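Read from first to last, the chains carry the letters A, B, C and D; within each, the first residue is number 1.
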Amino acid sequence: MTKILSSENLCKYFGGVRAVDQVDFSVDKGEIFGIIGPNGAGKTTLFNLLTGTLGVTKGKIYFKDGEITNLPPQKVTRLGIARTFQNIKLFEEMEVLENVKIGFHTQTKTNMLDAVLKNNKLKEDEEKVHLEGLKLLERVNMLDKKNNLAKNLSYGDKRRLEIARALAVKPEILLVDEPAAGMNPHETDEVVELLEQLNKEGITVVIIEHDMKVIMGMCDEILVLNNGVKLAQGTAAEVQKNPEVIEAYLGK
Amino acid sequence: MFGFYLSQLFNGITQGSIYALMAIGYSLIFGTLGLVTFAYGDIVIFGVFVGYYFYAVLGLNLILAMLLALPITFLFGVLVEKICYEKFRKEARMLMLITTVGFGIFLRSASQIIFGTGNKSIPTLIEGKIEIGNLNILYIQLGIIIFTLIFIYALRYFLNNTRTGIGIRALSMDQDAAKLVGVNVDKSIKFGHSLGVVLGVFGGIMLGSFYNAISPMMGPNLGLKAFTAVVLGGITSIPGAVIGGYILGIMENLAVAVFSSGYRDVVAFIILIIVLVVKPSGLFGKEVKF
Amino acid sequence: MAANIFEKIITNINKNKLKYIFLLIIVLLILPFVVENQYVLHIAVLTLMYVLLSSSLNVIVGYTGQYNIGHVAFYAIGAYTAAIISTRFNLNFIIVILISGFVASLFSLMLGIPTLRLRGIFFAFTTLGFAEITRLTILNWRSLTRGPFGIPGVPIPQIFGMRLSTNTHFYFMIFILLFLMLLMTYRIINSRVGRAWISIREDEQASASMGVDTFKYKIMNLMYGTFWAGVGGAFFAYFAGYVSADSFILDESFRFFAMVLVGGTGTLAGPILGGAVLTILPQVFRSFARYQMIIYGVAILLIIHYKPEGLLGGRTFKRDLSESEDN
Amino acid sequence: MRKSYLLSLLVLTVIFTFVLSAGAAEDTVKIGLSAPITGNYAEFGENFQYSVEIAADRINANGGIRGREVEIIVRNSEGKPNVAASIAQEFVQNKEIVAEIGDFTSTSCLAAAPIYERNQMVQLSPTSSHPDFARSGEFMFGIVGTQAAEGPFNAEYIAKEYLGIDSVAVIYINNDWGVSTMENFVAAAEKVGLEVTGTEAFFGGETDFSAILTNVKQNNPEGVYIAAMYNEASQVVNQIDRMEWDVAKLAPSSVFSEQFLKLSGESGEGLVTNTFFALEDPKEKVQSFIAEFRERADRNPNLHAAVAYDSMMLLADAIERAGFDRVAIRDALAETENFEGVTGTIEFTDVGDVVRSYMIMEVKDGDWVVQEDYR
């Protein structure tokens, strides 16, 4: 198994608050990797560091063979890392299909001049983006809503659209932040199924989730954070046995 | 030569003290509403004219007339809030920006019709001066500085120790959270805004009394100066706004001394842009969400 | 109720967009041949010019969500560039207009590089400062701009030996410019570039996560919008034959802004209606002399109260354009 | 209910358009007045309106012009050159308007000039003093006299002879009028050996002049020439007084107004200016104009008001001789001879402006007092 994403001594301090403190972890290619921890453990901050949304205070991040520490988010995305957001960040006033189309930004080349001239490059790009966008929507079962404004979607649909949008980037690794939050059990199952399917197709999945059933059921490996510090990394069984993890979750 | 720069510095401090006084009210409004207003100068001048009206037309005692103007402008502030902001609190900020512009145009033109188009003279509230070496310091100048200090401390006390004040402070940090902890958002916004207006009008009265003249057309320039001082010093930080006012005054006057008088405002705005680029929250402001 | 009829008309227009656009173009093309009143034509030229200017601001404010409240600076730079070049060199007006657009664009690049990294309202402050700096520099730099005297004698534009001096000529000139601008903008907005712009407006953080180089696209957007402001300014210089700093005060910037908001942001049609309404309204009320500006101010307040999303119901902005923290 | 706002607005717009375009009675002669009724120059525009309307009422009381009543069409130019140009377009389009009075600033006049010129309609500006204005066209007339004449008078007669000073600093407002006033004064000063120790500009609406004055005082000039309108000029003298700086103060005729006295109080004392309109002028027509103006505006007229009154009277005189044809009016106006206005005798030069002769006036005991008669 080869490492695809890893960190070394990763730290993020907000003033005196150590949101992420000296975290080392590594994700293997092709696995489903879970990150758990109580509220405020630094999970989302870790995601923000990995994707370049936040700058790191100390430490290093590696993706495949290269270092990606402090790369801006658009460059990180170009390398093949896509993400969703805990608090859903869709382009609310845009149609569902348009939301997905933006995901293809890095794979298309149209510039302003092409657009103005309406040349072949634009036409090819638009055609490609349109067709592939529809395919992705079909995949998440939202084809019938392609012309709805994103802001009018149901909560579950919004989460699914975010995943579809992230997939448009054609990522090697997908970081999903609480994809099942606020969903009913049926919707949750759908999302789990989708992620597992994607994983089978070769996409490495990193998932933050509070629902232990989801995490324990699908993850190959789990990272446990508490107060910004790594408590453990291992398989579901290993983690569940770790005394520090039990203490963090159940208290003394 | 040294004496020349010293007296220009002193000129700057004088002018800065007026900007500082004007900036206090602006800063309070900014903090309460979370948005710049482009009607501030016009509202302030309108308030001063109300006082002038009592004094010149109804023949009241000058100080009494000006004091009478304050409660009236407080009520006027409530009206302004209703027209320009109330409906748009949850809407985009730029709507409030344009309503203040529209209201400013309206009020300026209306003032010209009600109070006349020309400059009006206001006598000095407190006559007299003290001489220290070569410098003449007018009592009114001292008064301006003293009032500025009083306002900083009084406001700080008010915002930290009274129920209403704490409510306003909570608003400036997070409106939704303020609501959750039981702040009456509507009342607090109206009160904070009106208080800002009254402070501004008070500053305007001191300004009119210092320069002995007011005119409806002074509004926009005044508002822009208060705005610049507040942004320089740090939005929502009241002592910051005051220091911003002083910096602005000193910079402008030194610009006249060093470059040319035509570039006085250019220098001020260049400094504003540089400060924003280097430290968007202003020289003394905390990082805020805007 | 009567107001409902208005709503219905708007809905109807939205439904049959193409038809109405076609109809509007036809009407606008015939207009100068039917209208003989030169004053009305003059106002028509001004209206189209303001529509161009408010549309150019809408590209920046409406599509990418950058609070540019100093747009008048680029309009001024365009006008002065055209006036300075055309009175010193014998160049074809089309070239002069293009150069003016590029110069305005260049200034926006210089302003944008340090300031576009600032969030929402802070960027607005810098544009406001820039507008004042521009106006005051024009007034001070007498050797280049003749300071407060302005530059008179902007030559009459010529093409194929024809002197373009009548209102009808200028009408078609601005009509073509506006048509080009709207067509180009329409195409860009419906391409990868436009999607990137809009995504920045909607959520800059998410946009970056989709691989959009948000800073680069914001710069491009600002440059594109200010290019057209510069073109509008250059046209104004030719049309008026005279430029002076009094035409480029901050109020003018607020006027553009009001036009965009009154019409509806983030749609092509919004600023067209907004620009038209707020250009024609003051002309109609001009005979009210000293009550004119009162009516103007009240009209803006009323429209914003009645339809905060703009007459044509464009999208509304989120209250905060700033990035939300998620920890 | 709110929804009906917009509709009522639309309806209003339509109604007003109809009202505007509705035909007027045939038996009037229409004169356009383009003036800054709102904005920074509003008070000057207001003076224009009062004076021109007083003149029109007078004319109508005496049977009008060639039996027709004068009707003034007022348009607000907001002090903006491009708006003045739009108004010009409206006026020339309206065939019933035979001539125009306005605008206040030289830049507005210059911006509108090509339109009036092309359509052959007189633009008679009461106040444009820029030497280029009247030269910009056959149909352009200015009656206030140009800075090219006032500057030398102020430098030679007021500064050198009357005040007897050898050096002067210039403080000027940075607009078209101020710069032109400054430049003409400085040029004239150099000719007559009056040393100019420095020039300092300020922008309209400025209230604090202490920095500028401190700069100027550095070079110890014997006098300060204040090229500003009365409102800023009064601030300047106030602040000179506050500095306890004993210096001779002189200014162009723009400061001559009652407002200046009110705003400057004791610190205005001793300021010298020129004028060709004096409140104490005993002529009946002057006194009756002053009385009428006071009644309507509740203040004394200033120079700007007086020239606006004369502009209307001049036009009426020309129309009386020429009839209602625009070009004929232009010719008659150019041929005006020995017209006696409230501002003295008016005759146009070849280019269309007026060579004025000036009185010297000083503020004494809180009042404007003529010190030397016309020269």
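Rule of thumb we're sticking to: contacts are C-beta pairs under 8 Å (C-beta built on N, C-alpha and C of every residue); 3 or more make two chains touch, one makes a residue touch a chain.
For clarity, every value in this text was computed on a predicted model and none was experimentally measured.
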Mind listing the chains that sit against subunit A and also against subunit B?
C
Report the chain whose CA-based centre is farthest from the CA-based centre of subunit A.
D
With centres defined as the mean C-alpha position, give me the subunit C-subunit D separation in Å.
35
Centre-to-centre distance between subunit C and subunit B (centres being mean Cα positions), rounded to whole Å
32
Note: subunit D sits from subunit A at a C-alpha centroid distance in Å of 71
Could you work out how far the Cα centre of subunit A sits from that of subunit C, in whole Å?
40
Per-residue overlap in subunit C, given as positions that touch at least 2 other chains
136, 139-140, 290, 292-293, 299, 305, 318
Can you pull out the residues of subunit D that are in contact with at least two other chains?
38-39, 42, 46, 174, 201, 203
Note: subunit A residues in touch with at least two other chains are none
Report the complete set of touching chain pairs.
A-C, B-C, B-D, C-D
Could you please specify the touching residues of subunit D with respect to subunit B in the complex?
38-40, 42-43, 46, 174, 200-203, 205, 207-208, 210-212, 214-215, 218, 231, 234-235, 238, 242-244, 259, 262-263, 265
Of subunit D, residues touching subunit C in the complex:
2-7, 9, 13, 16-17, 20, 37-39, 42, 46, 49, 73-76, 78-82, 85-87, 89-90, 92-94, 105-108, 110-111, 114, 130, 132, 136, 174-176, 178-180, 201, 203
Footprint of subunit D on subunit B - complex, ascending
4, 7-8, 11-12, 14-15, 18, 109, 112, 116-119, 121, 136, 138, 207, 211-213, 215, 217-218, 221, 252-253, 256-257, 260-262, 264-265
How about subunit C: which of its residues touch subunit B in the complex?
61, 67, 69, 114-115, 118-122, 124-126, 129-130, 132-133, 136-137, 139-140, 250-251, 254, 257-258, 261, 290-294, 296-301, 304-305, 308, 316-320, 322, 325
What does subunit B use to touch subunit C in their complex?
35-36, 38, 83-84, 87-88, 90-95, 97-99, 101-110, 112-113, 220, 224, 228, 231, 260, 262-263, 265-266, 269-270, 272-273, 276-277, 280, 289-290
